[in-house]
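In this document, chain identifiers A, B, C and D correspond to the written order of the chains, with residue numbering beginning at 1 in each.
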Amino acid sequence: MLNKTIQLRPDDPEITLTAYVTDEPWKARDAMLVIPGGGYGCICDDREGEPIALAFLARGVNAFVLKYSVGAKAKFPRPLVDASLAMAYIKDHAEEFHIDPDRVFCVGFSAGGHLSASLGTLWHLPEVEAETGLPHGKNKPAGMVLCYAVLSAGKMAHKGSFYNILGTQTPTEEELDRYSIEKHIDENTVPAFLMHTAEDPVVPVENALYTAEALSKQKIPFELHIYPHGPHGVALGDWQTSRGNKAWEDDAVAKWVEDAVYWMKGI
Amino acid sequence: MLNKTIQLRPDDPEITLTAYVTDEPWKARDAMLVIPGGGYGCICDDREGEPIALAFLARGVNAFVLKYSVGAKAKFPRPLVDASLAMAYIKDHAEEFHIDPDRVFCVGFSAGGHLSASLGTLWHLPEVEAETGLPHGKNKPAGMVLCYAVLSAGKMAHKGSFYNILGTQTPTEEELDRYSIEKHIDENTVPAFLMHTAEDPVVPVENALYTAEALSKQKIPFELHIYPHGPHGVALGDWQTSRGNKAWEDDAVAKWVEDAVYWMKGI
Amino acid sequence: MLNKTIQLRPDDPEITLTAYVTDEPWKARDAMLVIPGGGYGCICDDREGEPIALAFLARGVNAFVLKYSVGAKAKFPRPLVDASLAMAYIKDHAEEFHIDPDRVFCVGFSAGGHLSASLGTLWHLPEVEAETGLPHGKNKPAGMVLCYAVLSAGKMAHKGSFYNILGTQTPTEEELDRYSIEKHIDENTVPAFLMHTAEDPVVPVENALYTAEALSKQKIPFELHIYPHGPHGVALGDWQTSRGNKAWEDDAVAKWVEDAVYWMKGI
Amino acid sequence: MLNKTIQLRPDDPEITLTAYVTDEPWKARDAMLVIPGGGYGCICDDREGEPIALAFLARGVNAFVLKYSVGAKAKFPRPLVDASLAMAYIKDHAEEFHIDPDRVFCVGFSAGGHLSASLGTLWHLPEVEAETGLPHGKNKPAGMVLCYAVLSAGKMAHKGSFYNILGTQTPTEEELDRYSIEKHIDENTVPAFLMHTAEDPVVPVENALYTAEALSKQKIPFELHIYPHGPHGVALGDWQTSRGNKAWEDDAVAKWVEDAVYWMKGI
């Protein structure tokens, strides 16, 4: 297989894309950009990076894990620029990666879900196109998978994530609205697959519900699974990512990758 | 097996409960009251009655299909009284039916989903207790399964259902609110499992989303699955209930019974 | 649904067929004749009758449980005549039972597996045709499902079963051969699905292996699953038929009905 | 992840082990040595190497693909020495590979199935211990998975494989017996999981049946799945390894990896 790490920005060696690509495929595969979470303060790629990539890879989807700008560098649109560069890199190397450039999806977790949703919703922001210099639509995913994602900046917000991407702990309403995903869903938004646990104590399930409502209003196709049990950060929902924490293991949750791959076929 | 039809009301032979109960179980089983849809104008029990009962029965849940008051007799609380009598009958015959009276669930489809949700939410209505003469809580289910259910009487309402249960085509806001499920979810509401298709053109998916939001607000445990494809009335989602209409068959949808049975174990 | 018991022989009220048939199907279904075990000494229909019928029914296969001649009446070909009458009855009532008369399968357990295999292998015995008066092939199933079946009368035989059907505890080699299934597999034999547990202490797994070998030799299509764990009599392999005996529950075993239904589609 | 290729023999750079190991596991994992087929004439690792490794890896099993001696170098025990060195290397690097050295399994396909079965059956051959210099039992797997494996050198043999490992096209009966797996199953043999298709035109299904019989006789635990349809070389049984050949895709077959992983838990 091809398993290598690519530097996405000449100016920042921390922004990387790690490829998980099978050898000798006989046809172009679907691709998945995997965006781990961490509240835009760090990157939880141990649980939400490689294990996710391998789960998709084994189901026929070549995968790529992104390390994006966090902490002091998290101010938007910088992480969205990182993700856009990643999308463009994958598409530009479709032949090397044995993938179909029209079928590059993204999956994100928690804050990574916000970045994934930003890519699927705000891919056309002029400042992103300006900063990346990419042709219009080059960074647009074929669909987005949003796992217990930070989405809404309203009263159900995961505040820390928004403080990080706004670069202030006292944002105005207007600033918050700017990256509150459910407010930007329109005809440009890509199809979505969402999953969340009802009792998530960190990112309230309303983040998924409000976004689903906005998707429905705009008639953007979506699939949504809310599982009754499980804390924040369930990742694969099985022992592989639970580190022995039984609350992170649940047979209902553990079906989501299979379901997401089935959903992708319908896109 | 025991497969018989019971008359629930001495005054109306059309209100019946049909039992699907296995012989010689070695332990008390869970029970499921199955409530078919039909807009409170008729009862679609061919697709949403027996096939559902048999699907649960084969997974270890004894099942009972309800025929309730519809059409000219649909005015509330009459159908809710029917469903309450059914719950009481099942619990009162726990020994004959080999079931645990503390674990009688209900599942409803479309308008039957409204009646199922009414049972899980409005079981304590004084007029219902008065009319049935049942002890407080006797009609309360252990949990409710709501399939592409009519739930909200607001702008996303399936109007026909509400006209039928209100007995008027020009209801007031206050009348509509009375049976708009999401407005009555409180600490008395039972755990819920909801499923819907995103593109349902008859009962908008917002019915499920608004109810999920209300459940979340009240911290009532719930599970929700929204599948991207499928018209109204998918029933089992497989060839058994599709009558050859391929739009009613979908492998994603067809998992819901299995998922609901797993959910029941967690209650 | 239609759930009734039919008497198959005017001369013996104990020989019956119990139908489990859904109402209002929109197309002709497959049918399954269910033959419980009991060493030809009794009929274990509590665990290997109705629960099996309901498992197939819920997956779209109308089912019929047979009570056949056992004990003092077990001498062959009498039980095979019973099973033949059952097949003929089902086919003759295809319209009433909403089934395709060309797609009536049989499934048998332990000694019932022997009877099922006899039907699929020895359906053309002249004495059976003579005694039943049925047209040639009327009793032939479309395929046979053999669960931990008594099949071989050789050194791996479940002796009790053969003593019962031969009516002697000191049969000659020639008598034993007469109903040793693996010796009669030829171009008349129907496709087979076999399952067994490797450690079955009552009916050795060689019964399945020898039969598979004979099927392979004759190029009769077959599917075979041998699960490593489980005592004799696993039935459904889940809690429904385990009566609390955990050894009778196993997730590997519990897939066989689903697998058998998939196999039927390929016939 | 760790994805590197190790040279197993100083004298032959073609004999390699390619590791597929996840980063930062929180507990020691099971390991799987993957042995592709090719009739001991070549190595089909494109379809029976990496795709298999990734399928196990995604289910929590770290995997290692072996390239062993074939063609002019295939004469036994050389390939068995290669496989023994691979087992020893994996166990000796248990810490680096995050695996439990007591739980290293092997899986083989076609001729690779023969090599896998040789490892599980003939691991104690004096000439192998002599040539490798390994401590007794160091090369013994925890269990063996045999996929449409070349096993018997008798009348159902895949002759080409045996000619290659015997180094002659006119072997004596005694020579053939030496590596005919079913003749060497005894108390030293490890638990087995076998799968085959009934209509395999290259390696007859009897190879699996005879071996199962021998395993049963010795009371070695085994699981066996024979699927009715599919040519030789089904690999994963899905589109990933079918190269567009629909005969290599079958939903029944495609369950085997999942089943094998479940089987491993029971060892």
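Structural remarks
The rule is short, and it goes like this: a residue touches a chain if its C-beta (ideal position, glycine included) is under 8 Å from a C-beta of that chain, and two chains touch if they have at least 3 such contacts.
Treat the numbers as computed from the prediction; the structure is a model and nothing was measured.
The minimum number of touch steps separating chain A from chain C is 2.
In this assembly, the chain whose C-alpha centre lies farthest from chain B is D. Per-chain CA centroids place chain B at a distance of 38 Å from chain C. Inter-chain centre distance (chain B to chain D, centres taken as mean C-alpha positions): 53 Å.
In this assembly, the C-alpha centroid of chain C lies 36 Å from the C-alpha centroid of chain D.
Multi-chain contact residues of chain B (touching two or more other chains): none found. If each chain is drawn as a node and touching chains are joined, the picture is one closed loop, every chain linked to exactly two others. Each chain pair that touches appears in this list: A-B, A-D, B-C, C-D.
Residue ranges of chain A in contact with chain B, taken from their complex: 191, 198-199, 204-206, 209, 212-213, 215-216, 221-229, 251-252, 259, 262-263, 266.
Against chain D, the residues of chain A that register as touching in their complex are 1, 3, 20, 22-24, 26-27, 46, 50-51, 54-55, 57-60, 238-240, 243-244.
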